[in-house]
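Next come two complexes built around subunit A: one with subunit B, the other with subunit C.
On to the complex of A and B.
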């Protein structure tokens, strides 16, 4: 057994893994200049294997195969655990090393857990509004809302975007129809079918917003701070197998901020008044009638509902005086602060300030100040976006760091005192 | 004599330093007092002296200007007074530093020529901003701005730098008072008197300057007069500091804004009146009146904003104190003494070096603490202060090592790193103000004091280990001075410092993660700066494990420690050059050649370190020499005179 474990416990393996780790991090960082943080992170750190290759045509021939972050993390973990199991013999002289390594194990495991369980979402509102849900930044869902109260479906049926693959047919019990996915665009661009432009192509779908808009696939985004805006072409089919019609469902229409940004670019093209009308056409609710009931449906950012509500009371946005310049059009930010009222049916009501470096931890979630702005329609009304993070293992780095720091202090302290003593007697 | 030298040399430097503290004598205009007036720039209350220095640094790369006629240096406030109050004279002063040959040719700037008073480096506004050049410059700037930062070459950067300098100068020359006014006081007063006569005039002018067209008031003669006056006091140029302190519920403001904000019945702000008097007195060369007006202004500030005024006074002292520049010079002297010690092992050199390092260190640290008090912040707030702090940490470690080993190695490394980091800081300061305000996300003394300080100490200790290793390789390879005892002590030093480096870089990096978790809920985001710090941690861990596992011995550890220099400089500066990520503050592609050279030199040293011992002067086995056909004929001649082994 011991001999089998020997290669796994060797310090040679540790050094090799550390060296490879350095290489992966270095190339993963370089790759960020071409790929953007998000893609590079997935390719190099959240993977088992990867290949580094510069985008620059002159250097494109370089191809460096590398292990991925998962592989290295797991190997280090195995190496560390195996070494301690096979050589473990408690001695005060080694207590620091043991504690350091336990701390590192905790950090590695904690990061793995974060990777698996953490969820980031956002909560956006204007002053005076309240929310009992946060929205995913990347994922979307297709929702059907019934006009009549129906206990079975609780008025809402949601299909996550991961199920909206072309060619699939989705049948959900409470709905008197099924959903056929004809096309899925991970990222899309709407274009207005202006009457004066005399578009010759047929609309992409028989009903709804597709009469006025075409949606074209767009290149998928690579950066962390921009998002894909998906669109799907769907067909709804009644229980009798007859088609109820085809529609385009798009995040452009389902997410108010996206519709507003589309309207903003149209206002440059067509003027403010016409852009307002186009915006109205885009956000017009799409409905279908089946089984005697009418359903409204849309593709919108995936929502995570909470058992409490958060109301935005007041936003504060301060900039250092006299710092507005061409390079810094908004000035140097001094403070972003949201005053919110958290209302929980059992815990009670609480007023809190959320600002930079001062998040709110509540109900297993952490709320961070993320963005701040003004409502487009009413500039006097502040808006705020909070980053909402659910991370059950958020404490592990705190504990792990403490353990490693203490372990190293103890270990080096032992070395140092021994050295000083020897130096004195010498 | 040798008995007194260890005291004498440091004493000379100490006296020299003290003389730099004395304020310069002024016989006419009280420019020093003028420099103490508080203003607000970059969101930061500061003395006019700091603003003037930071402006000059961006234009001339120096804290002062030069008057070729009187053959004397002009202080920064004196120069600023000229630019603001007598721009026609300032436009002839050669303050714009242009060294790019290409740019000089494009702008047809004269080469160095003593007879014509040309030094080939500094040019005046009138030489540069000619009508022909103006169009050229605009075109060149536009072209350079369009390029991505990482694509700009040295010429583009020279163009942008000059463009920035010209814009700064221009804002200052047109915005501090009404242009070509000889009696600005009278103009301001007349304008003020015209206000109550027609309340509507003010509103109309305000509307006009808000970008709207006040049709209904267009024909009002008062509006026309007021509008003309506003046109004359120029733009509200964004680079102009907010000159006028808060008063009557108004915040800090620029001249046109403050005049615009006047409400009916409000008295004309005293600061504006005093400011107008200062300018008028300067224009007419009346130093008595100038000094009286400056005194009135400072009295006014001391009453209305006592805290800022006091702070401004302290900052002026700090500017003159120039602790980091002075410490840098003394570190050089210390370094020379310490290295000298290796050549003749005269103890007095080592002691003198120790005292010089101590003197420089005291000045260095006083400066560091002074800055912290002025800013109300922990020591490291930006790239500039990180350099100063890394130097500080390296010197502390160097002195500790010296206490243990007394072989001048700690002193050499400490003084060298102190000097190098302060040189880096000096160059980083050429961008302007080094005490800029912290953006919202960084506005936390707790994390600046913990994460930033600790991770910076991690950098410092990794550098110390790396430079110790350089001493090992340089002495071992090129000289015969690396006797087994010295080699052993160096090995122990490097090992000990790498241990420290591991501790600091690890704790600092993880604390950074915890800060990120506190501020946006993400412990680790693979941001370039985070990755750079993690690489340092992993590297130090690798060195320790390789040593513990017996994979490397003395020379191997040394070579690895030198690679630590590369790793650390990459994390400190290299990642900023990628121009991406959350920490890419202070983008500095201009420093890329310097970094590349440094990395190259370290690679050469690593290469030397990897050569087998028979090529090392210190490790050559004496009997082995005769077998070599082309070796030096007598081994003892190789490395100078034989020297005793040091205990």
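On to the complex of A and C.
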């Protein structure tokens, strides 16, 4: 057994892995300038292997193979565990070392669990509004909504965007039709089909918003302050194999903030009243009737529903006194604060203030203050966006660090006591 | 060694962790979304764009709360909630719930309320017999007065529901008073007065005038697009003199006005913002529609004429006769570029008809008072 474990227990392996870790962090950080945070994280840290290559065409020939974060983390964990198994024999005088190493193991496993299970999303609302769901920052979903016997509820069939790949046909039992994905645009740009253009270019799809809008693929964005707005062209096919029609489904139509953003640019181009009409055409619900039921469908940010509601009661936006000027009309922000009412059917309701360094932890989620603003039309109404983080292993870094600290203290204490005893007897 | 088994467990745990992150198709029930608020640049509501009701929990519509009704915290889909308690403990509950285009059919809603009262479902034909007209602010809504036929509340009291339904464009607002039969009956005059006190805007008797929401609310602008928005250009329709024989027809999408001219002729009036694609792009698109080859910027003066308009404006007029696929067709188009808008007047039809209407077209374009 020891012979088998020998290569895995090597301290050289530990040092090599740590050195490689430094290299991965260096190149991963470098790659963020071109790839953006999310892509760089996925390529270098949430992977088994990666290759670093500069974006500059002159240096593009350089290719540096690197181990990914998963490989390094797993190898370090195996190295540490194997070293324990082969070298360490439990004795009280070494209990501090054991505790320290267990703390490090917990940090490694906890980090991996965070990476696997943590989920970040956002909850946006205006004062007086409530939400019982948060929306993903990046991912979208194609949803089919139909009526239930309760007029206030919808049956929802949500297909994640990862399934919407061109050429796939999705058959789901709750739907009396299948979904054929004809085209997928990771990022897209809508253009209004002016009536005079409609005779010259055929629309991209036979029904729905495609009658009034063309969607073109756009360059994928990777920066932190922008997002991809996907569009898919789909065909719905009945159980008898007959096509029910083709449609364009777009996050431009399914995400109110994106539709408002498009309307804002159209208002500059066409004037406000026409832009509003165009906005109305873009956000017009798309429906299909099959099997005696009517389904409304849209591509929207992926939603995570909660068994409780959060209502935004009041927003407080304070700036440092004397910092508001003509050059800096918004001033320098001092405090963003949201007062919310959390209403859970069994736990009850309570009012909480959420502000920097004072998140709300409720229902396994952590709500951080993220953005704040004011509505354009009703400027008196404040708006707030909370970052909603689900991280089942959020305690592991605290416990892990505590164990490491305690282990070091214990080990130091044991050595100190032994030293003092030795000195006394001498 | 005592820790070995625990340590070895880490490896399979690790493998298990790595194997589960893919999203899957989900099927569930969720509360319906509210009608989306209009976009940021919302201007005066038009018949086509009636403001949607406020989202749940937004500023409440102005109405007079009847005496004896106690306001409760609105929750769930409700934008307002009141409770009524009799001295002997009997209760009733009043609520306002706005729903979007997917509010379900009236029949479904009435049958759901009936089920809650222990009554059987009715058919579409029977529904008409249950419907009464009721004034809600300045608008006429529908009222349902439903009473249970057996004691369902504490096995002692019968339940009653008064529900008023107001359709506003594609949205529906439900006003409901439900509770112990006698208490609800006693509060019916208050309920009707409450409905009447709802501020529905200008009080016009059309369903598309205004929602009970006092103001159209705006969507939160995405980051980076905050800032003042220039006031919209004038939305008033200009005055013009319509030549004899032209018949006004409903305008679609972007058109300001449409006229049927003679046999198969179509005249459209479209106004776009100052940046409207440029004269060359529009001219070449029209030429393409009539089978003509595109021209360059330098050719514009040779293929168009300039028409002087009263007030100092000028119109660029293109007289295009179709060739090839467009043979037999003709188009007269005028572009008037003004500071706030670019106006497009376009007459299309058979070559003979358009030629015959040439003078009328010129007179019409000249008659427009912006």
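Convention: the second predicted complex is superposed on the first by the 371 of 426 C-alpha atoms of A that agree within 3 Å, B and C clash if a C-alpha of one lies under 4 Å from a C-alpha of the other, contacts with A are read in each partner's own complex, and residues count from 1 in each chain.
Note that in this section contacts are C-beta pairs under 8 Å (C-beta built on N, C-alpha and C of every residue); 3 or more make two chains touch, one makes a residue touch a chain.
Since the structure is predicted, the reported quantities are computational estimates derived from the model, not experimental observations.
Trainee: Do subunit B and subunit C fit side by side on subunit A in the superposed arrangement, or is it a clash?
Mentor: They fit: once the shared chain is superposed, the two partners occupy separate space.
Trainee: After the superposition on A, what does A:139 contact: first (subunit B), second (subunit C), both or neither?
Mentor: Second partner only.
Trainee: Pick one for A:126: touches subunit B only (first), subunit C only (second), both, or neither.
Mentor: In the superposition, A:126 touches subunit C alone.
Trainee: Classify the contacts of A:191 with the two partner chains as first (subunit B alone), second (subunit C alone), both, or neither.
Mentor: neither
Trainee: Take the Cα centre of subunit A as the vertex and report the angle out to the centres of subunit B and subunit C, nearest 10 degrees.
Mentor: 110
Trainee: State whether A:289 touches subunit B only (first), subunit C only (second), both chains, or neither.
Mentor: Neither partner.
Trainee: Report the partner of subunit A that touches more of its residues: subunit B or subunit C.
Mentor: C
Trainee: Going by the contact rule set out at the top, does A:409 touch subunit B (first), subunit C (second), both, or neither?
Mentor: Touch partner of A:409: subunit B, not subunit C.
Trainee: With both complexes overlaid on chain A, does A:239 touch subunit B (first), subunit C (second), both or neither?
Mentor: In the superposition, A:239 touches no partner, neither subunit B nor subunit C.
Trainee: So if I take every C-alpha atom in subunit B and every one in subunit C after superposing, what is the smallest distance between them in Å?
Mentor: Closest C-alpha pair between subunit B and subunit C: 12 Å.
Trainee: If we count contacts the way the header does, which residues on subunit B are in touch with subunit A in the complex?
Mentor: My answer: residues 40-44, 150, 238-239, 241-242, 251-252, 254, 404, 436-437, 439-441, 443-444, 447, 492, 496, 499-500, 502-503, 506-507, 510-511, 513-515, 517-528, 531-532, 534-535, 538-539, 541-542, 545-546, 548-549, 551, 567, 575, 578-581.
Trainee: Where on subunit C is subunit A touching in the complex?
Mentor: For subunit C paired with subunit A, touching residues are 1-4, 7-8, 10-11, 13-14, 17-18, 20-32, 36-43, 46, 48-49, 55-59, 73, 75-77, 97, 99, 101-104, 108-109, 112, 215-226, 229-233, 235, 252-255, 268, 270-273, 275-276, 285-286, 288-289, 340-341, 346.
Trainee: Of all residues in subunit A, which touch subunit C in the complex?
Mentor: 70, 74, 77-78, 81, 84-85, 88-90, 98, 105, 109, 112-113, 116, 124, 126, 128-130, 132-133, 139, 145, 147-160, 162-163, 170, 172, 174, 194-197, 199-200, 212, 225, 256-261, 263-264, 267-281, 283, 285, 296, 302-303, 305, 309, 311, 341, 343, 349, 371, 373, 375-378, 381, 383, 385
Trainee: Enumerate the contact residues on subunit A facing subunit B in the complex.
Mentor: 10-12, 14-15, 18-19, 21-22, 25-26, 28-30, 32-33, 37, 40-41, 45, 107, 111, 114, 120, 319-326, 331-336, 355-357, 359, 366, 368, 370, 387, 389, 391, 394, 397-398, 400-401, 404-405, 408-409, 412, 415-416, 419, 423
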